[in-house]
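Heads up, there are several structures right after this.
Below, chain A partners chain B and then partners chain C, in two separate complexes.
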Partner chain A sequence: MTSDRIRNIPLLELARIIGRTFVGIAEIIGGMTLLQFRVLRAMLTLDIDYDETLRQFYKVGVKSLAVVVFTAILSGAIMVLQGEHYVRSTGATSLVGWAAGTGVLAEIGPLLIGLMFSGRVGANNTAELGSMVVTEQISALRALAIDPVKYLVVPRFLTMIVMLVLLTGLGDLFALMGGALTSHLLLQIDFRLFWQSVLDSHLLSEFYMGLCKGFAFGGAIAITSCYFGLNTKGGARGVGRAVNDSVVTSAIAIFAVNILVVVLWY
Partner chain B sequence: MLSVLANSSTLLVHTVRSILKSPPNKAMIIPYMFNIGNRSLLFLTVTLGFLGIISVYQGCMQTMKVLPDLSMAGAVFIAVMIREFGPTITALMLVTRVGSGIAAEIGTMVVTEQIEALKVTNTDPIDYLVAPRLIAFVIMMVACTAYGSLVAIACGTVLALVRFDLPPATFLSLQLTDMSDFYQGLIKTLAYGVAIPIISAESGFRAFGGSEGVGTATTRAVVNSLFAVIFLDFLVGALYRIF
Partner chain C sequence: MPSLKKSTYAVEALGITKNFSDFCVFKNLTLSLESSKIHGLVGVSSCGKSTLLKVLATIYRPDSGQLKLLGQEVNFSNLFQLRFLRSKIGFQFQGLALFDFLNVYDNVRFPLMVKGSDVPPQEVHHRVIAILDAVGLKDYANAPLTALSGGMQRRVAVARAMVASPEICFLDEPTSGLDPVTSARIFELIARWHIETSATVVIASQDVDGLKKICDLVHVMANKTIVFSGSITDAEHTDLPEVKAFFSATLR
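== the complex of A and B ==
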C-alpha cells in the first residue's frame, strides 16, 4: 500500500517524530493551562476546603523543612567556595558578602530550593494523586459530586505557593549562615566582617526577587505535579512514569519561569 | 537519611564487585546509554540554555551596579560554568529524568515480584539490573555534562551579544579557566555519575506496597539523589580548596 511505502522514507519519519514531539508538548502545556484556569475559577468563588488546606500546609511545608534547610546551608557554602577564588586573588575580602549574598539570594537559593521542593513535594504529590487515579478514588469523588479540582488541587496550589515563598525566605537566612560558617572555617574571614559586608551590599531587592521567584516556582510546581498526577494512566508502572514526567516538566517549568521573573524584574 | 547512606554504600560495594568479577557486555549497556543520553538531549538543551541566559543576564546586571565594565564577565562565567554549574545543574536535571526513571523501573519490578523471579532463575539482580545502568550512567554523565556546559556557554554568549553588546571575542575568554577548574568539574561529574544511579536503584529496591509504593520509591530516589548531588558539590569544592 502507498502508506507502507511512505513510511520508509527517513525524511518523513523525521517529520513524523518532530510532529509527534510538538503535539505532545502542546498537549501538556494546554492541559496545564486548562487546569490553571479551573483552579483560578474555583478559587474565585472563595469556597475553599479549609481542613484539607491545613492538612496540606503540614505535609507540604513542615515536612520539607529539614531538606530545604540542609540544601540552603550547602548552597550558601558552595557560593562562598566559588567566590573565594576571586576574592583571594584580588584581596577584596570585604566583597565576599556581596558575591555570596547576591548569588544566593537572587539566584542559587531560589533555584536549588525550588528544585529540591519540586523533587520532595512535587513528586510526592504526583505519586499521591496518581495512586488515587489508579485506585479509582477520583472516579469515586466524582460519583459523590465532589469536584476533584476544588477538593484536591486548589488546597495544594495555595499551600505550595505560600510554603515555597516562606521556605525560600527561611532558606536564604540559612544559606547566608552556611556561607558565613564556610568563610570563617576555610577563608579565615571573621563572622562580623562577613555579615557586615552582606548588610552593606543592600541586597533587599535581591531578597524580594528571590521571594517572587519562590512564588512563581510554587505555582509552576503545583500545577505541573497536579496535572501529571490527575492524568496518570496504567497501574503501578503508570504512576512511576507520571512521577518521572512530572519532575522533568517541573524542572523545565522552573527554568522557564526563572527567566520570566528575571526579565520582568529588571 | 543515614539508612539511605548505609544501604547505598553497601549497594555500591556489591555493584563494583560484580562489575569487576563479570563485566556486563556492551549489548546490555548501550540501550541504557541511549535512554540516558540521547533521549535527554532536548531536555538538557532547553534547561541549560535557559541557565546560561539567566546566569549571564543576572550576573551582568549585578556587576554593572558595582563595576562599570563587563570585560571580565565572560571569563568568570565560563570558569564558573566549567568548574561548578555545568556538572551540578546537568546532574540535577539527569536526576529528575533518569534517577526517577531507574527508581520507577526497579520499583515496579519489585512490586510486581519480578525481582523474586530473577532470584529464582539464579540471576543476581545487581548483576543484571544495577551494574549496566551504573556504567552507562557514568559514561553518559560525562558526555551530557560536556554537552550541557557547551550549550550554556553558547546561550550565554548569544545573550551577552544581543543584550549587553559584548562581542564574542571578548566574552569567550579562557583567561580565568585553568586545568584545575577542569579537573574539579570532572571529579564532580564522576562523583555524581556514581552516586545518582546507586541511590536511585537503592530506593527502587526498597519499594513496597503496590502503585503507591512505586510513587514513594521514586520520590525518595529524587530527593536523596538531589541532596547527594548538592552535598557532593560542596564536598568536592571544599576538598579542592583544602588541598
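== the complex of A and C ==
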C-alpha cells in the first residue's frame, strides 16, 4: 500500500519533498547556530538581565527538582534490576555498586535527567516564548528597544546550563541511593557493601563526564526550546506545534551531543 | 547617543510598501506626520492601520520605500540606530501585548527600567503612580493582569505607552471595548498628556467622534494607501467617498 503510494509520486515531486525537507533542516540548524552566536555575544559583553536570570533560576530549579529526584531514584533502581540476574548467578555482590555507579553516573543518569528536563522545562519554555510571540509580547519588547535575545534567551540559557549540571550532580546521588535501596531490598546486599563498592570503583571520571553531559544538554535544550518558541507562527495551534517540534528536536540534540561528549572524552 | 534636531515632521513615510507573503497590505504609501500634533488614523476594519503603525514604529520592516523618524532616515540594519529611535517611541498594541508575568505596576514601570531611559530612579515610582491614577487604576497597582477586565487591561496598555514620555506615541485602538465614559476619559487623558509633553501622538481608531474632539489632523486609509490627510474640518467637507463614509456618515 505504502510502496504503491510512493511509486505513484512523480519523481519531480519526490525530489521537491526531499529538497524541502533538507532546506527546512538547514534553516533550523542555521537559525539555532545564529541564536547561539547571539547568546554568546551577549554573555561576553556581560549584557545580562540579572533580575530575569534570578527569576528563571527559581522557576527552573523549583519546577525540576521533584521530577529529577524521582527519575534519578528510578534510574538507579533500573540499573540494579538489570544486573540482578548476573549478580544472583555469579554471586558477585561486591560488583553491584560498580555496575550501578558506572551506568548511572556516565550514561543513564545524565541522559534520563536531560530528557526529563527537556520535557518539563524545555517544553514549558517553548510554550511560554511561543505564547509571548502570538500575543505580541515579543514585539512589545522590541518596541521598547529591548532585544528579546538578551532579555529572554540569555537568562534561560544560563539557567538551564547551571541547573542541569547541578541537577545531574544531585540526580547522581539520588540514583545511587535508589540503587542501594533496590539492591538491599531485592538482593539483600548490605548498604555499606554497596557504597564501598561504589567508592572502590574510582568513578570520578564517570561523574565528571556526567556533569559535562549535563552542561552540554542544558545548552542544547535551551537553544532548541528558545529557537522554536521565538519562531512560533500562528495562534494556539502554532504554540502546540512549536512545543512538539521543540521536544522532538531537543531529544535528537541530546542523543547527538551525548555521542559527541563520549567521543571527545575517550 | 546621536542627538536629534527638532524636525517639522516626526514621521515621514515615502512610498512604502508592506506585503505578507502574497498579500499586499499597502503599496507605495506616502504619509507625513507633523511634530507635536495629535494625528488620527481611520479606515475600515482590516485596511492595514495596525500594520502601518507597526511599520512607522519600526516594529515591522517595510518591503520598499523610505522611512524617516524624528528627521533620521531609518536604517533597519543598524541595530544601534533602531534601539535609539525605539527608545523615543511609545506603542500601545491593539492586542495589548502586556507582559503576563508582571503585575500592573511592573508592566507600566517596564519602559522606565529600560537601559537608556533618562528618568531618574527616584522619579520612577512617582511617574508610574501618576499615570495609573490618570487612567483610574491606582488602586490596582499590585494586582495581577488576570484580575483585570479587558477594558482595564487596555488602560494599562495606554499607560505603559505614555509613561516614559516618548517623543512619538502610537496608540492602536486605545478605546476599543471601553464604555463611552471611559473612552471619553482616555481621550481626555491623551489630550492632557499631549499638552504636557508636546509629543506627536498617532491614534488608530474607529471612534471618529472621539478623534474629532482631540485630533489636529486626520489621515484616512483606503485602497492600500492614504487617500486623505488634513484637518477635521477639511475631512468633513471633502467629496472623497472613502472620507465621507467616516466623517459625514448618515443612517439611511
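Operating definition for what follows: the second predicted complex is superposed on the first by the 257 of 266 C-alpha atoms of A that agree within 3 Å, B and C clash if a C-alpha of one lies under 4 Å from a C-alpha of the other, contacts with A are read in each partner's own complex, and residues count from 1 in each chain.
In this section, a residue touches a chain if its C-beta (ideal position, glycine included) is under 8 Å from a C-beta of that chain, and two chains touch if they have at least 3 such contacts.
Every value quoted in this text rests on a predicted model; they were computed, and no experiment measured them.
Trainee: Should chain B and chain C be called a clash or a fit once both complexes are overlaid on chain A?
Mentor: Because the two structures are overlaid on the shared chain, the partners are seen to fit without clashing.
Trainee: Examine A:Ala145 and indicate which partner it touches, taking first as chain B and second as chain C; both and neither are also allowed.
Mentor: In the superposition, A:Ala145 contacts chain C only.
Trainee: By the touch definition at the top of the document, which applies to A:Thr135: first (chain B), second (chain C), both, or neither?
Mentor: The answer is both, since A:Thr135 touches chain B and chain C.
Trainee: Does the superposition put A:Phe70 against chain B (first), chain C (second), both, or neither?
Mentor: In the superposition, A:Phe70 contacts chain B only.
Trainee: If we overlay the two complexes on their shared chain A, which of chain B and chain C does A:Ile78 touch? Say first, second, both or neither.
Mentor: Touch partner of A:Ile78: chain B, not chain C.
Trainee: Which partner does A:Gln36 contact after superposing on A: first (chain B), second (chain C), both, neither?
Mentor: In the superposed model, A:Gln36 contacts neither chain B nor chain C.
Trainee: One more residue to check, A:Ala236. First (chain B), second (chain C), both or neither?
Mentor: After superposition on chain A, A:Ala236 lies in contact with chain B alone.
Trainee: To the nearest 10 degrees, what angle do the lines from the C-alpha centre of chain A to those of chain B and chain C enclose?
Mentor: Taking chain A as the apex, chain B and chain C sit 110 degrees apart.
Trainee: For A:Ser225, using the defined touch cut-off, is the partner it touches chain B, chain C, both, or neither? Pick first, second, both or neither.
Mentor: neither
Trainee: Any idea whether chain B or chain C touches more of chain A?
Mentor: Of the two chains, more chain A residues are contacted by B.
Trainee: Closest pair of CA atoms, one in chain B and one in chain C, after superposing: how far apart in Å?
Mentor: 10
Trainee: Using the superposition on chain A as set up above, list the residues of chain A that contact both chain B and chain C.
Mentor: Touching chain B and chain C on chain A: residues 135.
Trainee: Can you tell me which positions in chain A touch chain B when the two form their complex?
Mentor: 21, 67, 70-71, 74-75, 77-78, 81-82, 84, 86, 98, 102, 106-107, 112, 115-116, 118-120, 123-124, 126-128, 130-131, 134-135, 182, 186, 235-241, 243-244, 247-248, 250-252, 255-256, 258-259, 262-263, 266
Trainee: For the complex, which residues does chain B have touching chain A?
Mentor: On the chain B side, the touching residues are 42-43, 46-47, 50-51, 53-55, 57-58, 61-62, 66, 76, 80, 83-84, 92-93, 95-97, 100-101, 103-105, 107-108, 111-112, 176, 210-216, 218-219, 222-223, 226-227, 230-231, 233-234, 237-238, 241-242.
Trainee: Which residues of chain A touch chain C once you look at their complex with the stated criterion?
Mentor: 135-137, 139-140, 142-147
Trainee: Over in the complex, which chain C residues touch chain A? Could you list them?
Mentor: Chain C residues touching chain A: 54, 57, 59, 82-84, 86-87, 89, 91, 93, 95-100, 110-111, 114, 116.
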